[in-house]
Amino acid sequence: MEQLNNLWLSSGVAQVQGGQLVMLLVGLGLLFLAIRKGFEPLLLVPIGFGTLLANIPGAGFELAPVFDAAGNLESPGGLLYYIYHAGIETGLFPLLIFMGVGAMTDFGPLLANPRTLLLGAAAQVGIFTTVLGAVTLGHFGIMDFSIRDAASIGIIGGADGPTAIFVTSKLSPELLGAVAVAAYSYMALVPIIQPPIMRALTTSAEREIKMEQLRPVGKLEKIVFPLTLLVLVAFLLPDAAPLLGMFCFGNLMRECGVVNRLSDTTQNALINVVTIFLGLGVGSKMSAEKFLNLETLGILGLGAVAFCIGTAAGVLMAKLMNRFSQQKINPLIGAAGVSAVPMAARVANKVGLEANPQNFLLMHAMGPNVAGVIGSAVAAGVMISLVSGM
Amino acid sequence: MEQLNNLWLSSGVAQVQGGQLVMLLVGLGLLFLAIRKGFEPLLLVPIGFGTLLANIPGAGFELAPVFDAAGNLESPGGLLYYIYHAGIETGLFPLLIFMGVGAMTDFGPLLANPRTLLLGAAAQVGIFTTVLGAVTLGHFGIMDFSIRDAASIGIIGGADGPTAIFVTSKLSPELLGAVAVAAYSYMALVPIIQPPIMRALTTSAEREIKMEQLRPVGKLEKIVFPLTLLVLVAFLLPDAAPLLGMFCFGNLMRECGVVNRLSDTTQNALINVVTIFLGLGVGSKMSAEKFLNLETLGILGLGAVAFCIGTAAGVLMAKLMNRFSQQKINPLIGAAGVSAVPMAARVANKVGLEANPQNFLLMHAMGPNVAGVIGSAVAAGVMISLVSGM
Amino acid sequence: MEQLNNLWLSSGVAQVQGGQLVMLLVGLGLLFLAIRKGFEPLLLVPIGFGTLLANIPGAGFELAPVFDAAGNLESPGGLLYYIYHAGIETGLFPLLIFMGVGAMTDFGPLLANPRTLLLGAAAQVGIFTTVLGAVTLGHFGIMDFSIRDAASIGIIGGADGPTAIFVTSKLSPELLGAVAVAAYSYMALVPIIQPPIMRALTTSAEREIKMEQLRPVGKLEKIVFPLTLLVLVAFLLPDAAPLLGMFCFGNLMRECGVVNRLSDTTQNALINVVTIFLGLGVGSKMSAEKFLNLETLGILGLGAVAFCIGTAAGVLMAKLMNRFSQQKINPLIGAAGVSAVPMAARVANKVGLEANPQNFLLMHAMGPNVAGVIGSAVAAGVMISLVSGM
Amino acid sequence: MQETLIDQGLNLMLYGMGTVFVFLTILVFATVLMSRIVTRFSDDDVDLPTPQSAAISLDTTIPENHRRAIEKAIALYRQR
Amino acid sequence: MQETLIDQGLNLMLYGMGTVFVFLTILVFATVLMSRIVTRFSDDDVDLPTPQSAAISLDTTIPENHRRAIEKAIALYRQR
Amino acid sequence: MQETLIDQGLNLMLYGMGTVFVFLTILVFATVLMSRIVTRFSDDDVDLPTPQSAAISLDTTIPENHRRAIEKAIALYRQR
């Protein structure tokens, strides 16, 4: 009978708490969004499943290992504990993802039209106005946000998952679940969030602007560019060096043409393995006490605002640049500056086609799109450095 | 001359002990079985070679690293030390293998005929009668088995390598080598062990039973099934959550259709790397003092008994179900309930074809076959939980 | 203003030191050699980029993590710190590379003509004369070399990157950058370094020697060879067991034919990932204070000498063997004994074709070429063992 | 009360085997129920959506290296 | 002087946004400059060398498994 | 007796080079012997068995992704 009682006590039904139950539903909801609605499934499937695993009562997925006095293992930790502490707390997984993303990125369109870097810069306005919104909520006691929390929330507006995870795991690890979910959800919602803003801020004539064809970009330019970027980062902004350094490394492996086997593995086996673990590790921070509170609502709300402002800023920057330049830019591609690669570029293309069925903006939008990745990595570096000193 | 003497003293011939010599032969024997006889080569090649490495006198493959007082590394540990402590002691490798196995498993036949889950349950009788056998040997002082040892030995009957390694590394790490070798050897011997038992327990008429064709199973069912299983585990049996959770995760990645690149990597690069390391890590526990004793003989004997009883229980359960049901089950597929995927299912098919050359049982046997994986993972969870509290 | 000042102080320009500047140029130079000149790009691209990352002022790529008194992480370490300490200090990465190299190696030509093992032995003379050169420089106070440093420098003459990294990380970690760069650079320079020496030491008649066609080698021989080698290592030279053990393991997986999926992953995803990390980790030791000194010049000079002597010794050994044997060996293939697989074998083939356009030496040269890998691994084992006891 | 080793083994067998059977029996019913619900709610199997999105460049269903392998296979074949 | 949370946020916005714009503007000029230099120094794009060497057996541009996949694809296709 | 650095180097050279030569010489004989035994005991090379078994679904010789790549290659080629 004792055993039966033990079995019952160790069963989930006896141990479950209301919060865990709700979090299990949240996990299933994320899986639904990822699988049925196609919301960034590569990350949201692991995050959603990690949420389920972390909230199984009594399963111990996020338990720490226990050692005896002599340092021998008494009971091993849970899988999610090891993943989180080895890969996310240390920042290794986001950096490896950045290496893989670098190996997948073609800087050709950006090199053909470097001015579009400014669109990528403008779209980061979304990050910093969101920071301001978060500190305002914090200042008036509406929500319990510190300056570190505000920076982590703002980075959602960077529309770049690994950057958001990197910043948040350093500044506000307890917000990691909410921030990552918000970042990936809004990246998936780009086709819904952006078009109305893009249409509202542009005239039909502006949307019809045809851009001249991009010049071909040589191999050598593509090889030298990541090195140029790295040198600039090294001298001007070493705080952004971890993210941008690994990004440039991946891109150099891709473009240099002599290490194709390394580049292939980086773009496939390596990034896939790390993506699975990154997602599970983020899921492990989706516990009831960290996710089921008013702050999460605030994060989701502020994240949506960040995306909208970033989109608007990109479009407006393009219109501003048209004031001063002969070669007109279709302002729709400014919206691609938020990054969310390659979704935002596709959205720009689609809205452009609505205005003029002959106007293909996709390649033009890829420039600001990848510029947005650089822009938010720069913003991440600045924020980590400034906030750590506050 | 001193150097020459040192060289001689550091040579293997001067250091070798009888036990190591025998273990080197055991390692070569495992390689022979794996390569020449085709015994589960994916695991037994690494285990066999790990046995060789661990028993090279003076090579230090399983030495622990030495740190000075300040925490700096004085001398690094051996490769097998790191593999064992990072991947097996923590349980990470078996769990990752389970994720990969999940990504390789098609639950279609099981979903088309869920009753076959009961066959997978029945075959686990082999596990628990073996536990009883082991405690009896221990009780009468014939062999030195504790209840923890008995549980680890019983799990051999689960015919599931990673499950056996997971349980044994938690309950009786010193038996790991013998248990893993027994588990994989008997899995390889399924085509020899099972048919006589299957023929003895069935009439020719029973073996000729034709089962109706399996209904087609929809994609959505296949997606929802791993989630259903996980939710049941979460509420009823959280102790089985680590193994079954990762199993369900892998299967969901496979079936959901939106993360094919993650599923591909899980089924290939990731599971292959982990398999190599898992095998080497198991081999590192194949030292003379742990393997060359009477207990190992007991483990091998009890393991064989476990397989036989499990096979018999599966067949008898199928016959019992036929008493109460209109839709007859060919009792041969009950033997597939021990798991040993996909070997046991093939054996059922082959024995069935002997009785009736038109009777293809393979797909029907895949249902109990994967049910056996679930069944032994459940048994593993229960045993870890109960034994830890004893 | 304070923030602006902080930003400035944290910028690279304010923090950069002369040494870092020079090391950034060194990193760019390595990338130039790798990408433009094709110098062993698989290693020199990661090493070169790692050099850049490690020398970005203020980026913290090689910072150690900081823990508070309770053991919680206060600030995570840098990426290169984790890579170096997890994979290079422990010796894991070189060992895994050796496993991959073993899985890529075909011992067929060696088995068809085992005498060529002696050429691989002779070429290691380069290693030990270089050791002598280094201790002479150290003895007379010209350079600050200990016996450990001398062994690490000598191993450059082994023309085997992972072996050099393995030895140096154990004996003289502070020389790792210089030794690895020298080893890979000279391996790339084999087509320039070797031919003059080969021509100087051979007559035209010798270079025209046609060797009889290699006998076909059976599968079983190829399977048994790595086991034979391992058993010999186990009994005679356990100090060489880590390197040669993993080498044999990889080769057995390749040849046994029953674990092709493990062998494929070992040769591709696994070795590629480890190569990237190994290169970055070596780069992390390329700091100004460790690389920009007279000793590096000495290492580069001694390394070149080692290659030349090794080449000469291989050629002379072949001529010596021709004195005592009926079956003549073309002495050019003796030069392939330094290893530098497969470059040195190709060089032997090319120089042979110059003398006689019908004389294809490539397959004959592959024997001493892979023998050179075994030879330098043996030398590595002996040196680690002897030097540790001095 | 001190348990003997055999008592422990019997307990383990009893509760273990019981749990396995109870759990898998429940799973049978849950699976049948799930299949019925799913089959009713989805008229057809074809209605599964194609995913709308994916992370940066990760959206190719055929991994890059396979695509390249395929292209090379075709190119090689044509050359012959 | 004690900073309020809002002061900190304003500072972060000011210096952060400033840095992003300054850095990316410099990057625009650096990129334009780099492209000009590179285009001048390399007459053509074709002049990139083919790599001369590689480590042990690592020199196949087509990874081994792809090559095999290709060969099998072709063999299979022909058999049909 | 205190050894000078040069003594140590000489020792290292002597014993090191000796070990390399002795070991590889033994390996020559061992290899020749091994080849003879193996060639005698196996009449032919064809007698290596095909493996009978493998772990769960791991038994496909062609990895799954390659198989898929191959099938896609063939399908694509046919479509053209």
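Note that the chains take the letters A, B, C, D, E and F in the order they are written out, and that residue 1 is the start of every chain.
To be clear about the criterion, contacts are C-beta pairs under 8 Å (C-beta built on N, C-alpha and C of every residue); 3 or more make two chains touch, one makes a residue touch a chain.
Here the structure is a predicted model, which means the values were calculated and not measured.
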Chain copies touching (subunit A, subunit C) - same or different residues, decided at half shared: different
Centroid-based (C-alpha) most distant chain relative to subunit C: D
Most remote chain, CA-based centroid, reference being subunit B: E
Subunit A-subunit D separation of Cα centroids, rounded to whole Å: 28
Separation of subunit D from subunit E, taking each centre as the mean of its C-alpha atoms, in whole Å: 37
Separation of mean Cα positions, subunit D and subunit C [Å, integer]: 44
Set of subunit A residues in contact with two or more other chains: 3, 7, 38, 41-42, 236-237, 257-258, 261, 264, 268-269, 275, 382, 386
Per-residue overlap in subunit F, given as positions that touch at least 2 other chains: 11, 15, 19, 48, 51, 58, 63, 65-66, 69-70, 73, 77
Sites on subunit C touched by subunit F in the complex: 110-111, 114-115, 117-118, 120-121, 124-125, 127-129, 131-132, 134-136, 138-139, 146-147, 150-151, 218-221, 224-225, 228-229, 232, 236-237, 257-258, 260-261, 264, 371, 374-375, 378-379, 382-383, 386-387, 390
Touch list for subunit B against partner subunit A, complex: 85, 89-92, 95, 170, 223, 227, 230-231, 233-239, 241-242, 245-246, 249, 252-253, 256-259, 261-262, 264-266, 268-270, 382, 385-386, 389
In the complex with subunit A, residue positions of subunit C that touch it: 3, 6-7, 10-13, 15-16, 24, 28, 31, 34-35, 38, 41-42, 45-46, 49, 52-53, 55-61, 65, 73, 76-79, 82, 268-269, 272-273, 275-276, 280
Residue ranges of subunit E touching subunit A (in the complex, touch as defined): 3-6, 8-13, 15-17, 19-21, 23-28, 30-32, 34-35, 38-39, 42, 45, 48, 51, 58, 60-61, 63
